[in-house]
Amino acid sequence: MSFRISGESLDPAALQRALADRRAGACVSFEGWVRDRNDGQPVASLEYEAYAPLAEKEGARILAEAREKFAVLGTACVHRVGHLQLGELAVWVGVTAEHRGAAFDACRYIIDEAKARVPIWKKEHYAGGASAWINCATRGDHAPDTAGPIG
Amino acid sequence: MITVHVQYFAILREQRGLTQEKLATDAATTAALYAELRARHQFTLPADRIRAAVNDELVAAAAPLADGDRIVFIPPVAGG
Amino acid sequence: MSFRISGESLDPAALQRALADRRAGACVSFEGWVRDRNDGQPVASLEYEAYAPLAEKEGARILAEAREKFAVLGTACVHRVGHLQLGELAVWVGVTAEHRGAAFDACRYIIDEAKARVPIWKKEHYAGGASAWINCATRGDHAPDTAGPIG
Amino acid sequence: MITVHVQYFAILREQRGLTQEKLATDAATTAALYAELRARHQFTLPADRIRAAVNDELVAAAAPLADGDRIVFIPPVAGG
């Protein structure tokens, strides 16, 4: 039932065991992996940074929303911070439910909302040595927001 | 004039060159404070790409500031 | 890329490792667990039986369909047979993709189709000692089918 | 008269009391063979709840039978 920011490698098997529930017939999990390219550019590694107190509050709200919207039993999400290598696990979401429909829907809701709302930032380091904070280019679309931007 | 604590993350942390600072300001709102800091430190993100949190809660654009507030300006997020 | 029937306990961590792919940004997995009740009746254990040669063919077709319909990188599904206890893992589906939308859609497609089409049968053993083959009661709805029933 | 191999699973296996048998039949189709076996062994499932596979491929309701075919009647499935 928890949302956590972690500076250590994630252990999906342990995270999933914590959701074990005799009433559950379905467990859906999502793993976000560091992939070797983004928008066609070769990526060498990723750095994640979080504003942890607000991230954990906002994450907990998202899990509570998922439990309210869908007939689920357990929900959990853990997001890594730090410097991650290709193939590493950046975020894990797990949901248990009696039936699979609710587990799929809630798992997707949680990761979609987490990506849109939780104050976590990602810096891509490219093969050539350059790097960039994702979504922070000063041209392009404005980010969606709920509380309203400053200006 | 009030004294506030500002904490910086991600692109703002890099552009400020600090993770946090205590500062005295005449800014009455989060929006005014961001404008002041942006001008001083050449932050690239315009105000309409930034949200703010005061004392670890998201606030509206022009939230009033009080002495001792802890403020975080939030660049576009990119978890996952 | 495989569909398998297994008489041995499933090891989700090993199954997922086999899907590791540097190009993948998302891995969605579904686990079907033996739950302690069904339709309100307390369940003590489950027995699964498969017509393995056809199950593996039909399962492979389903995975191929998923790869055709959705932009995925890897797909796998393993289904247990034998006598399973409460909480045990009955079926595991894993899908990797560059992006999460396709991984969620394909994972759900695979488990939905597998449940509807793969020749696997489930016998529930109830707390009181009774048992029943699921969907085989002689009153009630007819099963959906593709090849057409006998009669 | 042809000789076919029939393999039984799940509820049919229990009702037949066998996992497989070789038998001689005059049935020309899977449908006719199921009707014959259902009458002989009191299978509870009506034909419209059963599908058939011949030589490990699903077939239509009234698929013709040939000598030596391996036949499986498939009760409603319930994986997952």
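Chains: A, B, C and D, in written order; residue numbering restarts at 1 for each.
As a working rule, a residue touches a chain if its C-beta (ideal position, glycine included) is under 8 Å from a C-beta of that chain, and two chains touch if they have at least 3 such contacts.
Note that the structure is a prediction, hence the values are computed from the model and not measured.
J.: How big is the gap, in whole Å, between where the Cα atoms of chain A centre and where those of chain B centre?
T.: Each chain reduced to its C-alpha mean, chain A and chain B end up 24 Å apart.
J.: Need the CA-centroid distance for the pair chain B / chain D, whole Å please.
T.: Once rounded, the distance between the two centres reads 74 Å.
J.: In angstrom, rounded to a whole number, how far apart do the mean CA points of chain B and chain C lie?
T.: That pair's centroid distance is 50 Å.
J.: Which residues belonging to chain A are in contact with no fewer than two other chains?
T.: Residues 32, 100, 111 of chain A touch two or more partner chains.
J.: Could you check chain D for residues that touch two or more other chains and list them?
T.: 80
J.: So what shape is it, when you link every pair of chains that touch: line, ring, star, complete or other?
T.: line
J.: Every touching chain pair, please?
T.: Here the touching chain pairs work out to A-B, A-C, C-D.
J.: Residues of chain C touching chain D in their complex?
T.: 32, 48-51, 53-54, 57-58, 79, 90-91, 111, 114-123, 133-136, 138, 142-143, 145-151
J.: Which residues, counting only chain A, touch chain C once they are in their complex?
T.: Result: residues 12-13, 16, 20, 22-37, 86-87, 96, 98, 100, 103-104, 107-108, 111 of chain A touch chain C.
J.: Would you tell me which residues of chain B are touching chain A in their complex?
T.: 7, 9-11, 13-14, 30-31, 34-35, 44-53, 56-61, 72-80
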